[in-house]
Amino acid sequence: MARPAGDRRMRILVSNANMTQAITEACAESARRAAAPGTEIIAATPRFGAAVISSRVENIIAGHALLETIAPFAGQVDAVVLAVSHDTALEAARQLMPCPVVGMTEAACFTACMIGGRFGLVTFGNAETYRELIARHGLSSRLAGTAVIDVTAPQAVSEPEMVAEKLLPEIAALAAAGADSVILAGAALAGFDERLRGRAVVPLLDGIACAVRFAEGLCRAGYPKPSVGSYAPVKGRTLSGVDPGLAGLLGG
Amino acid sequence: MARPAGDRRMRILVSNANMTQAITEACAESARRAAAPGTEIIAATPRFGAAVISSRVENIIAGHALLETIAPFAGQVDAVVLAVSHDTALEAARQLMPCPVVGMTEAACFTACMIGGRFGLVTFGNAETYRELIARHGLSSRLAGTAVIDVTAPQAVSEPEMVAEKLLPEIAALAAAGADSVILAGAALAGFDERLRGRAVVPLLDGIACAVRFAEGLCRAGYPKPSVGSYAPVKGRTLSGVDPGLAGLLGG
Amino acid sequence: MARPAGDRRMRILVSNANMTQAITEACAESARRAAAPGTEIIAATPRFGAAVISSRVENIIAGHALLETIAPFAGQVDAVVLAVSHDTALEAARQLMPCPVVGMTEAACFTACMIGGRFGLVTFGNAETYRELIARHGLSSRLAGTAVIDVTAPQAVSEPEMVAEKLLPEIAALAAAGADSVILAGAALAGFDERLRGRAVVPLLDGIACAVRFAEGLCRAGYPKPSVGSYAPVKGRTLSGVDPGLAGLLGG
Amino acid sequence: MARPAGDRRMRILVSNANMTQAITEACAESARRAAAPGTEIIAATPRFGAAVISSRVENIIAGHALLETIAPFAGQVDAVVLAVSHDTALEAARQLMPCPVVGMTEAACFTACMIGGRFGLVTFGNAETYRELIARHGLSSRLAGTAVIDVTAPQAVSEPEMVAEKLLPEIAALAAAGADSVILAGAALAGFDERLRGRAVVPLLDGIACAVRFAEGLCRAGYPKPSVGSYAPVKGRTLSGVDPGLAGLLGG
Amino acid sequence: MARPAGDRRMRILVSNANMTQAITEACAESARRAAAPGTEIIAATPRFGAAVISSRVENIIAGHALLETIAPFAGQVDAVVLAVSHDTALEAARQLMPCPVVGMTEAACFTACMIGGRFGLVTFGNAETYRELIARHGLSSRLAGTAVIDVTAPQAVSEPEMVAEKLLPEIAALAAAGADSVILAGAALAGFDERLRGRAVVPLLDGIACAVRFAEGLCRAGYPKPSVGSYAPVKGRTLSGVDPGLAGLLGG
Amino acid sequence: MARPAGDRRMRILVSNANMTQAITEACAESARRAAAPGTEIIAATPRFGAAVISSRVENIIAGHALLETIAPFAGQVDAVVLAVSHDTALEAARQLMPCPVVGMTEAACFTACMIGGRFGLVTFGNAETYRELIARHGLSSRLAGTAVIDVTAPQAVSEPEMVAEKLLPEIAALAAAGADSVILAGAALAGFDERLRGRAVVPLLDGIACAVRFAEGLCRAGYPKPSVGSYAPVKGRTLSGVDPGLAGLLGG
């Protein structure tokens, strides 16, 4: 399942689970900035689903779409980074692929844990599903708090300074509540870590960058997959009505 | 979105997330046995996915399939019971539908909590994802332990007494570890609660039956949906490449 | 211990642990509204204790009173609902009786868990013992927050609209903190779920109604009692100075 | 509410919640051995309840009995030690009395926490309610495990060496599981801490002795009671059908 | 290792981990006030480190200094109280010494747990490390909240009434959040428990006093040390570059 | 504080907290194997302490020694890896240094979390302090279990195949208990991840390798330090009796 040993260049797939090509490209750009020299970033966008996931329903659909999107890359890439802040279908993708798979929020959380004690998270819209996600990762005790800013994704592009001004007091409040770093969650906040550098009282974390670095490390480590348990490779399964690329990977 | 008030009979959809029609029918039968007189049980099976979910990957695909399966019933049924022991896509289905949605393992857990202090869970294959599911429901502190019996689903049908003999010592061991009831998880164990009645030291719980009773109660209660937060109805969304029934429900 | 099979009508005892007959009657009325057709609700009030439990001390006394109150109904009713928001002596009542026993706050919590992710709780006086109660049920991680309104029980009757105006902002604040539903705890808040229907941003839960529906479901299920463990029936015990009805039930 | 300042001798009430006078006396003896010179131990036995609490039901009855038993001593003693291993009605007793109240298992747990990291607990019968008790005290993460020995309380008196031989391997197993000390829970194990001294691999804790020492310390500290919250003194309450001594204390 | 049996007077070492002699003396004074008649308090100050620990770095250095400071007293004292609010090196000191060792914040927490349900903590500077400390003791679920007052240690001495005025609203806020008592953390707050007596709504706890009382009780109990596990005595170890007193104790 | 921008080669300090030079060198070798091309690994060994930390006491001493050891490298290296499986003084080192600091067991845990769901840990001697360490990192819910093998560190060198035969069944048992990977904790197990590759049922993790990869990623990220909170840089402090290099870093 591994790629030919002669191929020295590391190739990481950055897969969106939203259908917006522009977000995919922005994430790929973030990934390239974070990647080590010699790492090739390729990107993929799902064939179906929501333009931008904004509900539990869309997130479930996106899980399937994401698996379908990454399946054809099995054996073609050295690692996969999930470019969706909900870490959509992360555990399943990890079981599916022969290579490491890293979620962007998961990666931001573990990075935060190596910077300080507790961390905060800021997002648009609703923070509750992020709170659940952090619990799913077992890290509730390291979450100092969450905050929501009341702006729209388009505003993040058109009025970045206004958004920055809304972010800064939330970041300061999370720091006062015990956060030693703050995760910027959601594609629309991409780039604000750089924009606010020097103005925020604690480090700001962009999940894509965190994930790419971890993916590179896991690739280099070359861990085998577990051969038992709930992450062992799936084999000999027959699926119906599912994309042949995905179905084929489970039937091998 | 509610059904016409004049329609007095309660109608509950039992939706499988596996593609095996026989399991759907067996679950519908369990549901009919548990239902109150006057409750109509209708059943549905997904259009795509695995015959029987046996991996994290298949479970994610099944989540999408389940949402697609139940969406056309919005406004046509009074409640939905998820006939899949992983409570696949439960939270999303709850957000999607205008009526109550109950997961079978969730329902078994809450029932167990009203019978005694802690509960156990027995299944085929691998218990780890059930452990995670119970944590997702916030009930880890009420789980006394899990057990796995080493038989196959076909054996549960062809050699039920052999399976019963394997179940009984596991049930006793879980009781000794503090379980006041034991959940039989997985469609293949359907009916063993009845088969072992009088032989098991603690009550055995079948999730479908538990879920149908809770669904009936929630229907009668007629709670409104939350109008804010992450379970508020989804509206005005445009999805691509998704079944029109499902997409339409989100676009309304 | 079971009631004669020919008796088709379900009979549920709603037992107060406060001595105020008017509260018992109000709870019985709530129970009747929530019950399925064909369910008979009977009610009981303790022989000793406080008019309304408002301290830890009174709650302990009420536990004994409650057990004494329900004991004579063993074998005469199909289920017991505890009409006291502290779920007073719930676990002991469950062990004592041959039939299902459901607590009103426990039932509200589990109902809340089937409506959304986290829930809130509003009460009069002091919320700390409710926080402890939810922890005792193992559900702390699903509690978004508690709120206290500064009114008296008599005001809830005499000035309900004033109380409603105090409740609404607390409910909204709990929803903003992540609650997808809110439990109204304490007998004095009975009926406010109906009064605020359509005005509250999330569903409001009345424990009596929740408990009656669960009790009906458990009755229909007909689970045996555990024969081992800390909920197994108590037999052959000799108590002194205790009401003969209660003592007799333990001595059988 | 305090005793006259001129009375220099500290007086501690050791109150049983079981009706067996012999256990009360044994506990009082343990208390006297543990007490500082100059501490007077007086003992009390409830007027009603079970000879020895062995179920959840009896424990609830005992809670009321205990409050009735200690109420007359308000203002007459400097502290109360609850001589019942379930810490029955501890929080209510603490609210009720003007002086410190200490539970024997609570005291053993806190002592264990000052001896090492985690602790174990050995008892007769069923350990589940002790597990719940330790969770109620918030100490689950410091519990390494529980063990049950299969002997009867009379055997502890008539065949102590046989019981000792059963205890030692359980103590060693708990130590191997991470316990740095072991609590002997239940009146029938009183004295085994001394009997096994030098033979057990870790310290053994007798709750009565632990509680007496803490009670002495709290007396000397002379903390005021909280004037707000759920432990503030209860006043102006009218109870019916309750022992006048207890009722009077709440009505003051 | 034990002191000669003939020596009836209890001798407790109060060891600072800060280098400020005045703090040591103040702590020794607090200890003497709290100690039983007949208890001798001796005090020690480290040879190296910070005047007052105010960072994670200084706290680690202080851990070593503390062990070096107390080692020479092994066999010379009956117990050790750590007069440093971070419970610096507590577990190691406990393993090192042949006698009981009690931390001041640990002792305040356990005392708080015997006064009410949850407790609060007020300090200068930053509360995050106290939050971590309480988690390390396994007591997070009993912490109602923390508060920080914005004054300096010198002000606590020079303007105590100003500091008192800042403390009182924080104490009231913690009580409103569920605290039944409040720990005053940090040497600079020593004495404010007495100063605010009668003005604070809940009891205030001074760790030194709590620790001395617990240490006296543990001395009287005379528990053996665990002979296995991670608190068993250290023997036969060779350390380099370490104070001979400390090294010798590990080499014995 | 940063190194001159022109210096393109990444330099990582691998600092032991044990005094055994051979372990330092073995760790440095592991680090070099794991490092990316172009990363320079330099190593340091403390000036005082134990040859190999094997008690809580030695670990505290080692904390001070470690800080003294790394302080002179502030500004001279791009990151620090703590080559001590107890993550000794990790948080303090993180606060002290201007560059990223990564603990080897912390790194192994986070790596395990990106490989599967839960993980196990195998060590020599006593696993209790590792259990505490994982709790300190907030990851208890992801720990499937710990195991101890009964061999000595010298045997790991002289009889590696015997040790391997002891490790394999423990690894399989941890996998059966739900571990998707297993951390080999303790310097003496270095290299066994490679030795057992292909024989263990789940991936084995060597903390040094994990830590080096994370350290490289954090260096590349170039996060600023938090300017507030308990990880903000320490300045203007005066320490006495402490190594000038360490004291100077705090006084700057």
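The chains carry the letters A, B, C, D, E and F, assigned in the order they are written, with residues numbered from 1 in each.
Operating definition for what follows: a residue touches a chain if its C-beta (ideal position, glycine included) is under 8 Å from a C-beta of that chain, and two chains touch if they have at least 3 such contacts.
Small disclaimer: the values here were computed from a predicted structure and weren't measured.
Asks: Any chance you could name the chains that touch chain C and chain D both?
Replies: Chains touching both chain C and chain D: B, E.
Asks: Can you list every chain in contact with both chain C and chain E?
Replies: The shared contacts of chain C and chain E, listed by label, come to A, D.
Asks: Tell me whether chain B and chain C, two copies of the same sequence, contact each other through the same residue numbers or different ones, using over half shared as the line for same.
Replies: Here the answer is same, because the shared fraction of interface numbers exceeds one half.
Asks: Per the centroid of Cα atoms for each chain, what is the distance between chain B and chain D, given in Å?
Replies: Chain B and chain D have C-alpha centres separated by 44 Å.
Asks: Taking each chain's centre as the mean position of its Cα atoms, how many Å separate chain E from chain F?
Replies: Going by mean C-alpha positions, chain E sits 30 Å from chain F.
Asks: Could you list the positions in chain E whose residues touch two or more of the other chains?
Replies: Those would be 91, 94, 117, 128, 140-141, 178, 229-231.
Asks: Taking chains as nodes and touches as edges, what kind of graph is this: line, ring, star, complete or other?
Replies: Here the contact pattern is something else, fitting no line, ring, star or complete shape.
Asks: For each chain, which other chains does it touch, given as pairs?
Replies: A-B, A-C, A-E, A-F, B-C, B-D, B-F, C-D, C-E, D-E, D-F, E-F
Asks: Quick check: in the complex, which residue numbers of chain C touch chain B?
Replies: Residues 34, 36, 91, 94, 100, 102, 106-107, 110-111, 113-117, 137-142, 175-176, 178-181, 197-198, 201-203, 205, 209-210, 213-214, 216-218, 220-221, 223-231.
Asks: In the complex of these two chains, what residues of chain C are touching chain E?
Replies: Those in contact with chain E are residues 127-128, 131-132, 135, 140.
Asks: Over in the complex, which chain C residues touch chain A? Could you list them?
Replies: 117-118, 141, 178
Asks: In their shared complex, at which residues does chain D touch chain C?
Replies: 19, 47-51, 54-61, 63-65, 67, 89, 91-92, 94-96, 126, 128-129, 136, 229-231, 234, 237-242, 246, 250
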